[in-house]
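Structure, as structure tokens:
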Amino acid sequence: MIEIKDLHKSYGDKHAVRGISFKVEKGEVLGFLGPNGAGKSTTMNIISGYLSMTSGSVIINGHDILDEPEEAKKCIGYLPELPPLYLDMTVLEYLTFVCDLKKVPKDQRKVQLAKILSMVKITDVADRLIGNLSKGYKQRVGIAQALVGDPEILILDEPTVGLDPNQILEIRKLISKLAKTKTIIISSHILSEIQAMCDRVVIINHGKVAAIDTITDLSARLTGNSKLLLCFKGAIKDVINSLRTIPGVSSISERVTNESGIHEIEIIVDYSAGGDVRANIFYNMAKNGWPILEFRSLDPTLEEVFLSITSA
Amino acid sequence: MSKDIRSNDKKGMDAKDSRFGILKMYSLLSVIIIVAIVLVFNVFVDKILGDKLVFDFSSTGQNSISKISQEYIDSLPDDTHIRIIGLMERPVNINDTAMEYVVPLLDDYQNKSNGKITVEYLDPAKYPAIINQLDPEGVYDLQSGMFLVTANGKIQTIAQGDCFAFDQNYLQNYGAYVPVANTVESAFTNAIVNLSRGYSHKAYFVTGLQEPSHQQFSNVLSALGIESADLVASDDFTVPDDCELLIINGINVDISTQMSSAIQEYLNNGGKIFVAVNYNNQIPESFDNLNEALHVMNLNIEDYVIQENDPAYMLDQYGFQSNMAIFSDFSDLTSTNVVRSHYTRPVRQFDLPYSYIITTPVIMTSSSATAVKINENLEMTQYDNASLYTAGMYSTFDGTSNPPEAYVFGTTDLSSDEYIGSYGTNDANVMLLRGIIKKLLPTENAVVVPTKPLSNFSVDNQKVTATSVNVMTAVLMVIVPIALIAVGVIVFAKRKNL
Amino acid sequence: MTAVFKREFLSYFRSPVGYVALALFSFLSGFQFINMISKGYISISSEIVSLSSFFIIIVPIITMGLLSEDKRRGTEILFYTTPVNLFDVVFGKFLAAFALFAIMFVNVIIHMIITLCCKGKVDAGVVGATLVFFFVAALYISIGLFASSITDSQIVSAIISFVILLVISLLTTISQFAQSGVASFLGATFCKFDPAKAQSAGEKVAAALRWFNPLDKTQDFRYGIFSVFPLVFCLSFALVFIYLTFRKLDKKRWSQK
């Protein structure tokens, strides 16, 4: 469906993208993960045809984005980082304009727009001025814009950025719904978001692909070396020494200690040793009479993922 | 490691997609080629078709030269070089100025002359040497703001006054020049004709006898290839040898006896004379000495004024303005068979019995006209019974080798600036005058360019009253703009809260 | 093309800009008209011509936001990522500005009707002036459009197009300066012993500069003299600027920056 080969892009001396290649199969939801400034938006802009690459090729549905731009662009709905909204138009006016741009036949327009409006849940603001809408609604109008013309491929650049958790949830739901019929690329710098929505992840850093993996493999890779946070009351040294004896615990470091003797420690565990280390820790603490105030697994930060991936 | 990345990057850069280079080249080349094509195309259209694809749809034809001028210019030899020079900066913003009739027309001369005529604008303020260069001896009195036509070292100047006919009534009553007709082309074409061909005849105007100006008559003569000069009335008045036509036009004071005898001598030697006087009740002059001279031709100008009584001829309620029938011998000279005339003196055959003097009427009244004398108190005294009066006579000698010829009119409505200025050179009276002059001094291929009307943008005063102007001011300048802004504000306010 | 045209044209009337421009134009034209009619004559062609002299202000205002706003707000991305032809985008925007001029011209048509009702003259000169109005407007709008494409700031775009239009309207004066400048420069350097040659070179430079002046070429139209070349000139150079604008937008497809 989408084939990206050895993509390079430089702005003057700055090389934003340094050779990215991957493929997206039909019906797949691909996560595009990377820290800010990793080249996500640049790559997506290139795929959508907005920017030119320095070298490499993007083939969409068999059409090269350079050689057959119109054919290729017909297959794509694109939501850029900053939704391309005309603030002086109402939602309906704007979407009708996009329909015109995407050459949606006049007789299908009404049906399609109604469908999109209800799907993105903006029917009630259809006659309001885009400039007066909240950020969440603007984002949804941006998504609606990408959906106009019923493209087979959706490219969504940080669709949930700046939204409140409720809105994020709704948009995730919407994307899962869309995923049934469309090929989707979503970029994000939040791992959990990608995990929630995607089948496969491309992780890029410094303009390069750091890893391409399915979510399950990635989880395995990540959970294979995981962090736990433990908050307890007791003598810190004793606890650490005691926990060290548990098989699978690789290292322990102290995070916070406050005056009332409550400590927070970070435990790095290695699940590959077999068995659930967490149960063992619990029993160990219970056995020694150290009350556990909080015990949870720490989500790895993206940086840690990169570290773990690049160092592996 | 970092070295590795850099070399790797470089590899990526080296493999730069050649398609971008092609796109870039295509883009730049297409821009260059299109700009070049458009430039070349425009230069081509300008040079090859620029002159030809010009159409004058103006109602007055004021901006393009007429067929008559065109044919004359075409007939000139290819190596002719005539310069038209405006002693000024090329006028811009000529709209609603007299120059709007001049500048585009001169451009048209240049465009349609095949290089025979060039038009230049040289401001003496900027090129101080130009006047000296054109006229080293200072004979033409060249001044800034003038136009001049020059060829073969000869110069003919054209001032703005030559380019228009002015409303003489208005000029006399209010002292302002109000142009009523456009004679620009006539002036320039005549200058070109006269410079390229030279004048074929010379005429003299007798001046200094309280007569009005004769600029328009001079222009008519000039158009016929006749150069004219002034001959000031004086005690040692003689008719110059090169005089082919003596013109006494609209004088209000009688000539002296000395002049009378000079003119008699001139006529007896086969001279040609054109006399036109009218009845001016402010200065009711009797022309005894003039009549003395005209006696040679057996003609006499009466001291009465003709009052027309036939309603078919009358042009005002008193009959002092009327139509005059043109005698059949002369009716082919003009387009109609009547001319207009007002305050006309009768001109009649006098008492000489000699049969070799042949007098012919030129214009005359109906058979029910009367002659009237008006005194200073505007009291009318009827002098004669109703009959046919002649107001213009022609006289010549039969059987002599070089016969004198005389045209004597009791009206100035053929030849005065007032008349020609008001009615233009296409009027029947002026055509008759021209026909007569042509008969007196035949010229081959005289180039006569018709007067053009001025564009007239005046509106019906009945409809444009002060009230309607006020209403329009309110609607067009206040209500409409404010309404538009109000709609804008309403739309904006409504949309803002959507 | 119709999509972009519709949006841009309507956007003039969604904000006060279009109404203010229309109000300004109807006030100016009304002023000209009343000024003449109160003196007892109406020359519609001279009204149109003097209105064209306001183009230098009106055109930059109308064209300044056409492309620069899209760039600033990021909405230009729509044109690059949808299967719409960039030339259609440019031409649609051009037509939108042009259509606003056509709407403005309705004022003059109303004046024509009043003139005819007052038995005034609406002659060939009016047709000529109207032709010039629209052809020069097309040329100027295309220049304004191009100025709008090379920057993402409305103000900068307006200033650029204002300066270009100012230079065009002062071309006659500039050509005179160029003439004396070139003549004196050559006279002092290369043609020291041939002042006539320096003079003629100066004249040639001035003539070449003047050749680019669309106002100079079209000034006879108001008298009812129609010539094809000035119209060809305006139209072809308008197309050149539209094409340049298109190429400027299209540059993103290959630009490496």
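As written, the chains take the letters A, B and C, and residue 1 is the first residue of each chain.
Convention: contacts are C-beta pairs under 8 Å (C-beta built on N, C-alpha and C of every residue); 3 or more make two chains touch, one makes a residue touch a chain.
What you are looking at is a predicted structure, and each value in this text was computed from that prediction instead of being measured.
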When I count C-beta pairs in contact, which pair ends up with more: A-C or B-C? B-C
Centroid-based (C-alpha) most distant chain relative to subunit C: A
Cα centroid separation between subunit A and subunit B, in whole Å? 88
Between subunit A and subunit C, centroid-to-centroid distance (C-alpha), Å: 49
Between subunit B and subunit C, what's the gap in Å when you average each chain's C-alpha atoms? 39
Identify all positions of subunit C at which a residue touches two or more other chains, and write them in rising order. 14-15, 253-254, 256
Among the residues of subunit B, which ones contact at least 2 other chains? 19-20, 23, 495
If I count partner chains per residue in subunit A, which residues reach a count of at least 2? 10, 52, 54, 66, 88
Residue ranges of subunit B touching subunit C (in the complex, touch as defined): 19-20, 23-24, 27, 30-31, 34-35, 38, 41-42, 45-46, 49-50, 53-59, 62-64, 92, 95-96, 100, 104, 107, 455-461, 463-464, 469, 472-473, 476-477, 480-482, 484-485, 487-489, 491-492, 495
Subunit C residues touching subunit B - in the complex, by the definition given at the top: 13-16, 18-20, 22-24, 26-27, 29-31, 33-34, 36-38, 40-43, 46, 49, 107, 110-111, 114-115, 117-121, 123-125, 127-128, 172, 211, 219-220, 222-229, 232-233, 236-237, 239-240, 243-244, 247, 250-251, 253-254, 256
Taking the touch rule as given, give the residues of subunit A at its contact with subunit B in the complex, in rising order. 6, 8, 10, 15, 18-19, 52-57, 66-67, 88, 90, 127-129, 132
Show me the residue ranges of subunit A that touch subunit C in the complex, using the header's touch definition. 10-12, 48-52, 54, 66, 69-71, 73-74, 76, 78, 80, 82, 84-89, 97-98, 100-103, 145, 149
Residues of subunit C defined as touching subunit A within the complex: 2-4, 6-7, 11, 14-15, 73-85, 252-257
